[in-house]
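What follows is a pair of complexes built around chain A, which joins chain B in one and chain C in the other.
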Partner chain A sequence: MTHHNLTTFLKRKMPDPPGSRIGVCVKGCDSRTLVALLQENLIDKEKIYVIGVPCDGVVSRRRIEKAFNDEVVDISFADGKVTATTRTGESQEFAKDDLLFDHCKSCRYPNPAYADDLAADPVAEPVDQTPMWAGLEEFEALSPEEKDAKLAEVFETCIRCFACINVCPVCWCWDQCVCRSRKPALVSQRVGAKENLMFQMIHMLHVAGRCPSCGACDRACPVEIPLYLLHRKMNKELHEMLGFEAGLSLEGKPVFQTFDVNDPLGEH
Partner chain B sequence: MAQATATAEAPGAASTGGTREVKVIGIVCNWCSYAGADGAGTARLKQPVNMRLVRVPCTGRIDPLLAIKAFEKGADGVLISGCHPGDCHYSEGNYYARRKFELLDRMLPHLGVEADRFHYTWVSASEGARWQSVVTDFVTKVKALGPRQGRAL
Partner chain C sequence: MRIGVFVCHCGTNIAGTVDSKGIAARAAELKDVVHTEDLIYTCSEPGQAAIEKAIREKDLTRVVVAACSPHMHEVTFRRCVDRAGLNPYLYEMANIREHCSWIHDDYEQGTEKAYEIIKMAVAKVRQLEPLYSNEVDVNKDVLVIGGGVAGIQTALDLADAGLKVTIVERETTIGGTMARLDKTFPTIDCSACILTPRMVDAAQHENIEILAYSEIDRVQGYVGNFTVDIRKKAAMVDWTKCIGCEICVQKCPAKAPDVFNVGLAETKAIYIPFPQAVPKRAAIQVEHCRWFTQGKCRVCERVCPADAVDYEQKDEYLQRQYGAIVTATGLDVFPWEEYYHEYGSGHIPDVISGLQYERMLNASGPTNGHVVRPSTMGIKGKEPEEPKTVVFIQCVGSRDESVGRPYCSSVCCMYTAKQSILTKSHVGMDTEIYVFYIDIRATGKGYEEFVKRAQTEFGVKYVRGRVSKLYEDNGKVMVRGMDTLLGKQVEIAADLVVLASGITAADGSVQLAQKLNISYDEFGFYKESHPKLRPVETNTAGIFLAGACQSPKDIPTAVAQASGTAAKVLGLLAKDKLKTSPQIAIVDQNRCVSCWKCIEVCPFSAPEKQELRDGTEKSHIIETVCQGCGICVATCPVNCIELKGFTTDQLIDQLEEALLS
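Now for the complex of A and B:
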């Protein structure tokens, strides 16, 4: 299934001639980012045509590429097998399950939440609807000092290339982004783990309520920072707090743009 | 924001750690907790001196990033306080706020900040004595943890 979340490209431009529409193909998680944007009227529903693609999981291109010393030029799928071929003709077969992203294996929404048309019959939704938050346990088990050390080590390597926010479909503010602002000066121009983590904190908190953990930022990161440690954890906590999940229906509202006087948040 | 960062940023304080006094940033709403703190001061209720207050119009205005920024700049603890839910001067600011603070409260331990270094609570304008106990308890907990030496946050 397509590696990219194509909703991202709707950030760029809406069609100019009146009456024209942009077609966009979305898989389950992509459609949730699209719905999140529609909930906030950031995209005009009349100007897009959504083709929903029921998804059976995304394979990690990075995992394939790491198996070769050469550039991978062809990847083909057949019967649960993935065959990758490099420029020099070297080829290797993988089991698809070995290449799937962790969060795809426990995906509860493989079918689009919103689509004008479906490209195929919906795939079976998993019977077990218990949310799974893959890949967090190991980090969660660390002590505060170990977490701090680990985060410092990881975010030391960030080159602040902005790939994560450029590719993020729900990170919307573009060149008005507060991370480039001098007032308030949330992120300085210094280079270091602190600034880089602060930069990611802005991203994480600004997409809270819209982010369904589609993993686009993870896949885009050139230095392979495990950004899911932040976003997936945030979504896990939002789910445990309020049962909130982003972009499930057009009628929903982002978690921080609404409230309930009876929110079950402990008296502090 | 400028205030929040300026107060927390004593030269070298963030990196030295050791035995220095802890610094705690309090972000309070103008209408309830600031007035409550004022009342506590007027009534001469003894409070720890580690608290630096930042006054904002409403807790609904407090971006969780302000607290994160304070930690990044070397604060040892952040306390956020406002009107009790239902008593907001602007009717509903603190209802929005508590969702954000609850998330922040749950995320900070994940980011390597001990849970006791962040607290959000509600103190009304008439609760000077409650303010005193909230601040005393919070600062005691932060003191027990000692100065922070965060490398990531």
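Now for the complex of A and C:
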């Protein structure tokens, strides 16, 4: 199954000929980014045709490639096993579960939240909800100083290549991104972890309440920064504070566009 | 760039915790700062003169005033900067009082923090750009919400001055709480006799329109230009035809609880609350009407000489424009039954509230002014009994943290004294009267003398202490309490117990506040803009307060405030144009992605869709409508809206100064 969250390509100009539509295939997580965009009027429902793909998890191509010194040219799936073959014919078998992305392991919405048609029967929804925010415990246990140090370490290697931003389906500023702008001057050209962190924080805050944790940024990062952890932490906070998860239904609204005096923050 | 920094001592308010002189000297070393000065009272005349002088002589192009909160004096110094010929928006306030000296007591750390705050303000002021105000037309009509004595007073004052006023009242008649009172303290004059002429004045005034049985549905707009949706509730009676003859009320066969008489009597399903009602128009309470509940009857329709009954009537919606809004929504009586289980939770018939007793004392009340024991009312062949011993209990729902009401209701001491005197005159001087009190609060004109008269001339026995329990025994209400002056338990067998139930915010006050976008406290009372200096204004420009919706008040205070409110409204509406703040949001249309979130979140309907030459639609903020609240700025997913005077660059520089330097 495709790594990519194809809804990213809906950022392109919508088809011009009247009545024509763009077809898009979505997994559970992709469909939630799509719903988030629809909730925000950023794309027109009439101009797309959505084929939902119930998903049993995506394997990390990067993990497979790391097992070889050569280019992987073929990957096949059978009975919970993944077989990868390189250009030179070297072949190895993996257990699929070992290759799944972390967020796939804790996925609660494998079936599309919205689709015009389904490509297969829905898969079983996970019952156990405990691993929802798995993977954050280690970071959360750190003291504020240790967190600073950890973030500095993680973001030291960021080259601000914009890959994470370019693949992010809910990141919608196109080439007007404030991270590229000199007015307002939020990010400078100075090199360093702080500047990199600012760059990532802007992305995180701009997609806060809109990011359904599809993990596209994580997969795209050429230097393997665990960006998804940053977004997942934000999503966890929003869920715990406001009971909010992005893109669950077309009727919903982005969290920062709603105001309820009875919400758990009790702000009034 | 030539920046001047002025550091205030505010007497010792700031200088007690912050070395104002020292930081003024240090600020001189900051980049672009060419003049610094510390002033004892910067807001005083010499203080402001010093700023003006420095701007002129040192040719300053930016000004920082480090003093109190912008809420307090931003406008003061803006005018001062303007007088000196500098654009008034090239000035920034550093709050070193509320944000620093008042909340810290360490002199060194306080000083250091104040200096940091000043550094941040200097960083921001470098980025400021001159801004220019616009002007907007002002609608001179006024909406008064609530037709009690405060609302009537404000409306009459405004109408006499020539403004058109609408009173929106949710009941079928204006009059409010005062219309239900029998006599007023300390003069014992008849409440209705002084109120009803004013109600009639309001009804007959050419500049006043009364929309009774109506509620506020929605409020949009801003000072000078409010758009208000009003819902006229269906009375099931055509009020243009109804003549208030009450024949329908006499003939109606369906009984209903009498809200006006606080449940002491019954009224009919079709009713007029009291004889002097204004407007005197009948309304059907559909939940008690036989036609609406059982599908037969229609007696009122048959007997109505004016053919006014209309069972098909629907709620009607009006949309009106106003320049200012006055809330005068008044009060409700504390629902003691829900809280005071030791007083019987309302199950002991001879324990009644102060307002119920007020109705009983009233000649047009349920007992025609006779004081009787409710337990003996309505028994066939028997005259109701008069009480021989009456006990009043003060502070029921006031000054009692156990029921969440720590405040004093301010009127109960006085109305209890009044009711005790009236009891003696209605029932006889030999009536035994006890008043249980915590303290006597009698601070108004003639109030203390009035209480003294009750005690000496009328022989009312005041017992200092709380009542711990009321229970029925052998046809009496046993009152068990403590006399804290004698330090012993007392028990009195009473025929009637009157609870001086306190004042609480009117039902629905919070919902209305949310529609109006004004602040309210934890009890639902509306917050004034400043407790001393802006007591009748809210923090929302153009919305004012009158009467007990702000806090418990007696009649003279409510009326005085209502006139004060009228003066403030007149001051606002005396101008034909209002200057708008230039600190508003502006869209960078190149970057707008037309998601219209700004339109959805704006409480003032300031953003609109604007079609560009290439046919695309982009967001555009209507300058005169925007109030500069910044919600759209925070909501915009692509950061293409900036708030002038609070731009991202300005705030980033301020933050960098705080965090990085």
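Rule of thumb we're sticking to: the second predicted complex is superposed on the first by the 262 of 268 C-alpha atoms of A that agree within 3 Å, B and C clash if a C-alpha of one lies under 4 Å from a C-alpha of the other, contacts with A are read in each partner's own complex, and residues count from 1 in each chain.
Quick note on the criterion: a residue touches a chain if its C-beta (ideal position, glycine included) is under 8 Å from a C-beta of that chain, and two chains touch if they have at least 3 such contacts.
Quick caveat, the model's predicted, so the values are computed rather than measured.
Asks: Could you tell me whether chain B and chain C fit or clash when both sit on chain A in the superposition?
Replies: By the criteria stated at the top, chain C and chain B clash after superposition.
Asks: Who does A:255 touch here: chain B (first), chain C (second), both, or neither?
Replies: In the superposition, A:255 touches chain B alone.
Asks: Between chain B and chain C, whom does A:233 touch in the aligned arrangement: first, second, both, or neither?
Replies: first
Asks: Which holds for A:210: it touches chain B only (first), chain C only (second), both, or neither?
Replies: A:210 contacts chain C only, not chain B.
Asks: Which partner, chain B or chain C, is in contact with more residues of chain A?
Replies: B
Asks: Using the touch definition from the top, say if A:263 reaches chain B (first), chain C (second), both or neither.
Replies: So A:263 only meets chain B here.
Asks: A:186 in the overlay: touching chain B, chain C, both, or neither? Say first, second, both or neither.
Replies: both
Asks: After lining up the shared chain so the two structures overlap, which partner does A:45 touch, if you call chain B first and chain C second: first, second, both or neither?
Replies: neither
Asks: For A:172 in the superposed arrangement: first (chain B), second (chain C), both or neither?
Replies: Only chain C is touched by A:172; chain B is not.
Asks: When the two structures are overlaid on chain A, which partner does A:4 contact: first (chain B), second (chain C), both, or neither?
Replies: In the superposed model, A:4 contacts neither chain B nor chain C.
Asks: Given the superposition on chain A, at which of 26-34, 80-88, 116-124 or 152-160 does chain C overlap chain B?
Replies: The listed stretch with clashing C-alpha atoms is 116-124.
Asks: Of all the chain A residues, which ones make contact with chain B and with chain C?
Replies: Touching chain B and chain C on chain A: residues 184-186, 256, 261.
Asks: Name, in rising order, each residue of chain B that touches chain A in their complex.
Replies: 1-2, 5, 63-65, 68-69, 72, 85-86, 92, 95-96, 98-100, 102-103, 106-107, 109-114, 119-122, 150-153
Asks: In the complex of these two chains, what residues of chain C are touching chain A?
Replies: It is residues 514, 590-591, 593-597, 600-601, 634-635, 637-640, 642, 647-649, 652 of chain C that touch chain A.
Asks: Of all residues in chain A, which touch chain C in the complex?
Replies: Spelled out, the residues of chain A in touch with chain C are 40-42, 172-174, 176, 178, 183-186, 206, 210, 254, 256-257, 261.
Asks: Chain B touches which residues of chain A in the complex?
Replies: Checking each residue of chain A against chain B gives 139-140, 144-145, 147-152, 155, 184-186, 193-194, 197-198, 201-202, 205, 208, 229, 233-234, 237-238, 240-242, 255-256, 259-261, 263, 265, 268.
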